[in-house]
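Here chain A shows up in two complexes: once beside chain B, once beside chain C.
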Partner chain A sequence: MAYSEKVIEHAENPRNVGTLDKDDPNVGTGLVGAPACGDVMRLQIKVGDGGVIEDARFKTFGCGSAIASSSLATEWLKGKTLDEAAGLKNTTIVDELNLPPVKIHCSVLAEDAVKAAIADYRAKQAAKTGA
Partner chain B sequence: MSLKFPIFMDYHSTTPVDPRVLEEMLPYFTQHFGNAASRNHAFGWHAEEAVDVARERIAKLIGASSEKEIVLTSGATESNNLAIKGVADFYRDKGRHIITTVLEHKAVLDTCKRLEKEGFEVTYLQVERDGLVDLAKLEAAFRPDTILVSIMLANNEIGTVQPMAEIGRMCRARGVLLHTDAVQGIGKVPFHVDEMCVDLVSITAHKMYGPKGVGALYVRRSKPRVRLVSQMDGGGHERGMRSGTLNVPGIVGFGKAAQILTEEGAAESARILAQRERLRLAITSKLEETYLNGSLEHRLPGNLNLSFAFVEGEGLMMSIKDVAVSSGSACTSASLEPSYVLRALGVGEELAHSSIRFGLGRFTTDEEVDYVAELVVKKVEKLRELSPLYEMFKDGVDLKSVQWVAH
Partner chain C sequence: MNPFARLGVDPAFSVDLVELERVHRELSRALHPDKHAQGLPAERRKTLEEAVAVNEAWRIVRDPLRRAEALLALRGVEAEGSAAKPSPAFLMEMMERREELEGAKAKGAAALERLATAVQVDFERTRDRLAAALDAGDETFGPAPRLLAELRFQRRLLDEIASLEDD
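Then we have the complex of A and B:
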């Protein structure tokens, strides 16, 4: 199977690789997938005033398409509001990266990672307000 | 010598045709194009003579006492089908039990599964952690109605070489026929049909620097004389065991490839083993958490199958895309399941996803070995920096204790 140029470009030069402090109340962390399934994504967002995503970071264990999907997602997230970010659809990633059908699950995993990061951030904020 | 890209390190999948083989084949396309079955003119005689020479060369490579024991086929898949189904059909009144292993190629496993639907019983021997058959388990698997044992000489993924001589003695002592899929091992590790008491052997030309689309099944003619029911009906070629016009140029090439291996195989294996070890040590001395799959000692000289923990195999293949290798990762298979061979060894799914098979062969150079070793080390390090699992491992997190959200 040949990879699209965009997948290769992202996999070779992944954007926003890294780790944010998961204990920071302004950081939301999503960890999805499983090693036994061959892909694990950890995607983190840092949310500033007004609910705008200031920074996004990822680390991914997976094939080139999984790495490219999470790299693209972090790029896309920066500057978005949480509500905008929550609306990210995997099909956006599929279209942008020209993923073949067998790789669609990579984009689904990236969508799940974004949603998990937002949920984690919101849970932290709720806990803070509640306390 | 300068490197040429892409670098081929996938010699288990296929091999290039040796130029000496091609040269010998060429006249048989346009000049000596006769049908080997044409008994009444010079074109046919010439073709038949060439096929007989090839048959003798193939017989010699495996230690067969007569070229009449070589049945030419389209490749090892057909040979495996013919051996197992042919024996099952002929001896079904004697017994309906077959023994094989979980490591076999699909051409053997799926053939056995089909026979199960026809009322045969098949024992699939588990293998040990090192990928070898436990002879005590084989011993225990024999039944009074066992008619055939089919165990591969060497595995295509992990390169493990089975103790064929011991297996052969056990089968012979019980009067059970022994078939081996010797595709990967032939000409690379010692093999002899008489010394190992093997009755049926599948081989193919394209794994030994011959052309694709031609293979052979060795069928023992005496002590014991093996009988088969043919699986292809037609003109009664190959003494009735395999009908179909012979692929004369392919067979000529197969014969030449066999002759080269008979003469040069031992020296070639020594050289390739040295390169394999050079590659293995260069990689494993620089990378932690890297595991060899399968026995180191009982192994094909050109095979190196490594799992790089925390890195996914297809991702690694993509980052070394100038090097042709293979992976046990699910992502490289149509089924999205990781390698059944690695799973059979008890390799965890995560490490099965992280495996890469390097296959070295006749045209592998030391420069290529050094380049690939350096590239792999560099890319694994890069991908580990990208891997949340590696970060967790470095932070002391036990990955097995994490509640993963499987998808």
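Then we have the complex of A and C:
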């Protein structure tokens, strides 16, 4: 199957690969996986004052499309508010990367990872104010 | 198709593989085209179809992943969806195993072999927990869909390590 140029570009030069401190209260970590293909994806956001995402990092073990989807997601997340970030749709990734139908689940995985990271961050904040 | 009924074995996750091979051999022999060469065309076709179905049922029942899928389907339990989400702790472990694989690739065959052995132990542990969930007599099968999803991850990882070892 032929990958689009954008997928290849992101897969060969992934942006924002790495780790943020998962114990930092301003960091939200999303960990998701797709049993059928065995892909695992960790996506982290660091949220600054005013609820704006300052930094985003990821590590994905999977196919080129999964890597490209998470790479694109981290680029897109930076500078967004949490509410904007929560509105990320996998279809945006599909369009941007020109993903074929068989690879759409990779973009869904990235969307799930973003949502999980936001949920983790919000749970941490709730725990902080609750304590 | 109910693969257990097709083979005449109990619909359970715990299966006697030696007995399963014997049943398959016996059915295959009885359905062999040579034994039915004198039959009418319609009968011969039916026998052939049955032989194909028996083979397919045998392939399902002997594979732990497909056997678990078949049991869930028989009881109408959803094998996908939110109940099939691996636990966060499991995903963390997968992440670590994948990182170990990156390291092992660089180190060579012996390191890959060690990792394969470790993941095989993980796989068997998950499989045993899946067996407990599926054969406990609880109709809802409790954590079975999640354990099946986790087993799929481990199978994929084992396949990947094996393909690297072949290179």
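In the analysis below, the second predicted complex is superposed on the first by the 127 of 131 C-alpha atoms of A that agree within 3 Å, B and C clash if a C-alpha of one lies under 4 Å from a C-alpha of the other, contacts with A are read in each partner's own complex, and residues count from 1 in each chain.
Assume contacts are C-beta pairs under 8 Å (C-beta built on N, C-alpha and C of every residue); 3 or more make two chains touch, one makes a residue touch a chain.
This is a predicted model, so every value here is computed, not measured.
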Is A:63 touching the first partner chain B, the second partner chain C, both, or neither of them? first
Examine A:52 and indicate which partner it touches, taking first as chain B and second as chain C; both and neither are also allowed. neither
Looking at chain A, does chain B or chain C touch a larger number of its residues? B
First (chain B), second (chain C), both or neither touched by A:12: first
Have a look at where A:31 lands relative to chain B and chain C in the superposition and call it first, second, both or neither. both
With the two complexes superposed on chain A, say which partner A:104 touches: chain B (first), chain C (second), both, or neither. neither
First (chain B), second (chain C), both or neither touched by A:20: neither
Doubly contacted chain A residues - partners chain C and chain B: 31-33, 35-38, 40, 42, 59, 61
Residue numbers on chain C that touch chain A, as the complex places them: 84, 86, 88, 91-92, 94-95, 98, 101, 148-150, 152-153, 156-157, 160
Mind pulling up the chain B residues that touch chain A in the complex? 310-312, 314-315, 318-319, 321, 329-331, 336, 338, 348-350, 353, 385-391, 399, 404-407
Report the residues of chain A in contact with chain B in the complex, numbered from low to high. 3, 8, 11-12, 14, 17, 19, 31-42, 59-64, 66-67, 102, 105, 108-109, 112
Can you list the residues on chain A that touch chain C in the complex? 31-33, 35-38, 40, 42, 59, 61
